[in-house]
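Note sheet for the following structure.
For reference, chains read A, B and C in written order, and residue numbers begin at 1 within each chain.
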Amino acid sequence: MKTRWIIFAGMFVIVVISYLMSVPFETQPSPEIQKSFDFFESLPESSVVIFSFDHEASSLPEIQPIALVMLRHAFKNKTKVIGLSLFAEGTAIGYRMLNKAANEYGLKYGRDYAFLGFKPQHISAILGIGESIRRVFPEDYLGNSTDTLPIMHGIDNYDHIDMVVTIADGDRPAQWIEYGGANYNQQIMAGLTAAMITSYDPYLASGQLYSVVGGLKGAAEYENLYGKRGSGNRGMLAQTSAHFYVIVLIIIGNIIYFRNRKRQGRG
Amino acid sequence: MQTRIPLLVCLISGLIMFAQYFSSHPVAKSIYENVLEWWQIIFAFTLLVGVAAFIKTNLKSISQKKDAPYRTISLLGLVLMPILALIGGTKIDTPFLWVFENMQAPMQATVFSLLAFFVASASYRGFRARSIPASILLVTALIVLIGRVPIAEFISDSIPKVGFWIQNYPSMSARRAILIGIGLGSMTTALRVILGIERTYLRGN
Amino acid sequence: MWLNVSTLPTLIFSLISFLIVLYTIWSVKSGKKFKIREIPGLKAVEEAVGRATEMGAAILYTPGWGGDIQRPTTIASMNILSKVAEKTAEYDCRLLYPTHDPVIMAVAQEVAREGYARAGYPDRFKEEDIFYISSSQFGYAAAVDGIISRSKPASVFLLGTFEAESLILAETGNSIGAIQIAGTDSTIQLSFFIVACDYTLIGEELFAASGYLSGNESILSSVKAQDILKILIALFVIVAMIWATIDPSSTWWKF
C-alpha cells in the first residue's frame, strides 16, 4: 500500500511541476497530422465541413486542444463550419469551442458557421444527413429555423459537404464510417483521445478513415504546423515527464524484482 | 407459453433486422428507422425504471442511516438537475449548464485522470522480466512509451519509427486476430439468442 | 432495389456461418459430442466464490459501462452471472452487482433470482444488492470504486464491455487484494485487465463461458462452429496473402 502512495505522489508532483513550466517542443509532424493539415490547406474558400462533437466532458482536457486547433485552421482558411453533436455531453461544450474559435476570426454566426445542436438517435442522424440535413435538424441549437441560416443555402446532404470531422472519445467515428462513409462515400476525419487511436488503425489502413489527429501530441504537432502554440504544446512537457516517470518506475520495479530473486536464490 | 412468445418475438425480430441490413429498399430503411425510434422511446422509459430503483435504494439506506449524508447529496442532485432544466432550459448560460460545466464536468475529468496514477502503479507491478516473453513485452513497452513523446526524436530518429512499426504491424496483427475471435463469438452468441438456444436473458434459464 | 449488392460478400459469409452453426447443432442432435479446452478464468469462478465465503466477504460483479443488454458481450456476462449467483446462493455469500443501465439491472435481478432458486435458496436472494448507479461513465466508475474500497470484496468479476474505466476498477480491486476475473470485447481494455487481474478471458473465451459452465451441448456446438469459421478465415487470409504477393494488382480479395 505504501509503495502505491509513493508512486501516486511522485506522479502528482512531476505532472504539476511540468505543467507549471513552459518549454516549447519542436516536433516532426506524423504523416497523419500532415495529411489532416494538408486537407484543410487544400480546401477552396467557402468549402463546407461538418464538425461533430461526439465526446464526453471527461475527455475535454485532451479533446479541446485538438478541436480548437482544427477549428482555427478551418476558419483561417475561410472554410465554412457546420457544428453538431451526436453525444449529449458534447453539445454545449462543442458550441462553446466553435464560438471561441470563430470569434477569434471575427466570423458571423449563421453566415460563416452554425451549430445545429444535438440529435439523440445517432445512427438515424448519420443516415438522415445523407438524405437531408434539414429533416434531421429542422432548427439549430439557438432555435433558428435551419432554412433561414445563410450558411445552409445550397447545403442539403453529404454531396455538399467536403469532410466530416468527428471529435470523439468513443465509438462514434466507427459509426460515421460505417453509415456515413459506407452508404454515402462521405470522407471522415477523426480527432481522438490517445487511447482510442489504435482502435481506428484498421480503418486508417483500409482508407475508410481519411486521417486522425490523436491525443495531446497530435494536437501539439498540428499546432506547430498551424503556427500558433496552444494547450497541446503546453501539455507536452507534462506528458513527456509522466512517460519518463513510468519508464523509471518500470526499471526500478525490475531492479527490485531481480534483487529479491537473487536473495531467494541464496536463501 | 411464458417462454415461447418471447422466443418467437426474438426470432422474428432478429430475422427481420438481419434481412433489412442487406436491402436498400425504402421499406427496409423505414423498418430500421422505426425500430431505432422505438428503441429510443423504450430507452427513455427504462431510465425511469433506473431512477425509481436509485431513489428506492438510497431512501432505504438513508432510513437505515447507512452513508446518509452522501446518499442525501445523491438524491438532491437527482432532483435538482431536472428542476433547473425545467426552469431555465439546458442551453448556454443557464443554471443547468453552469452546474454541468462547473461541477459535473470537472468531477468526471478528475476521475478520468485517476487513470494516469493507476497506469503508473500497474506498469510498476506488471512490467517485470519474469521470462523471455515478458522481457520482450518490457522492451517493446519501453520503446513505444519513449516513441510517443517529442523528446524521442532528440534521442534517436529510429525510436518513433520503431514504435510506429510495433503499433502498426505486430500489435495490430495480434489485435486483429483477437477481434476476429471476438467477432465470431459475438455472432454465434447473437445467433444462439435469435434461435432461442441461449435463454439466460429470459429469467435466467 | 431489394438487395444492396455492395453487402453481397457480407451476406454470403453470414449465410455460410449460419449453415456451419446449424450443421454443428444438428451434429449434436445426431449424437456427436464436443469438448472444450480448459479456460483458467472460468475454472477459477468456483475458487473465487469459495475464497469470498472463507473470508466472510462479498463478491462484486459488474458488467462495465460500455454495453447495453442487446450486446452479445453483456449476454455472455449474464451467462456467467447465472452460474456465479448459483454458487453464491450455495455458499451463502453476498453478491453485489452495480450497473450503469436500468435494463441490465432488471435482467440481472431476474438471472440472479433464478440462479438462487436453482440452487435451492431463493430466500437468500437480495434484490437491493443488484442496483443501478449512474449512466455517466465516471459517475459509475467512481461509485464502483467506492463500493470496492468500502465493502472490500474478496472476489471481483469484471465481465462485459468496458471502456476507460476498466483500469480504474481493476487497480482498485487489486489494491484491496481481491481475486479478479475479467473479460471484455475491447482489445485495448484487455491489456489493462491482463496486467491488473488474476484471470482474464481473452477474445472468444468470454462467449464460450455459457457452454463451458453449463456443459450444454447445443451451446458447445456453436463454439465448435466458431473454430471452424476461424480456420476458414485463416485459410482465406493465407491464400489472399500469397495471391496478393504474386499478383499485387489483384483485387478479388478486397471486399
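What we mean here is this: a residue touches a chain if its C-beta (ideal position, glycine included) is under 8 Å from a C-beta of that chain, and two chains touch if they have at least 3 such contacts.
Bear in mind the structure is a predicted one, so any value in this text is a computation, not a measurement.
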Pair sharing more residue contacts (C-beta pairs) when A-B is set against B-C: B-C
Chain occupying the middle, per Cα centroid: B
Inter-chain centre distance, chain A versus chain C - centres from mean C-alpha coordinates, in Å: 31
Whole-Å separation of chain centres (CA-atom averages), chain A against chain B: 19
Distance from the mean Cα position of chain C to that of chain B, given in whole angstrom: 14
For chain A, residues contacting two or more additional chains: 4, 56, 58, 198
Interface hub residues of chain B, defined as touching at least two other chains: 104, 108, 111-112, 119, 121, 123, 125, 175
Sites on chain C at which at least two other chains make contact: 137-138, 164, 187
Parts of chain B lying in touch with chain C, wherever the complex brings them together: 18, 21-25, 28, 46-47, 49-51, 53-54, 57, 60, 104, 107-108, 111-112, 114-115, 118-119, 121-123, 125-126, 175, 178-182, 184-193, 197-198, 200-201, 203-205
Residues on chain C engaged by chain B in the complex (per definition of touch): 1-4, 7-8, 10-11, 14, 17-18, 21, 25, 69, 71-73, 75-76, 78-79, 82, 85, 101-103, 105-107, 110-115, 118, 128, 131-133, 135-139, 141-142, 164, 167-168, 170-171, 174, 185, 187, 190, 192, 195-196, 202-204, 206-208, 210, 218-219, 222-223, 225-226, 229-230, 233
Residue ranges of chain C touching chain A (in the complex, touch as defined): 6, 137-138, 163-164, 175, 187-188
For the chain A and chain C complex, residues of the former touching the latter: 1, 4, 56, 58, 169-170, 182, 195-196, 198-199
Interfacial residue positions of chain B with respect to chain A in the complex: 29, 33, 36-37, 40, 90-92, 97, 100-101, 104-105, 108-109, 111-113, 116-117, 119-121, 123-125, 127-130, 138, 141-142, 145-146, 148-151, 153, 164, 167-168, 171-172, 175-176
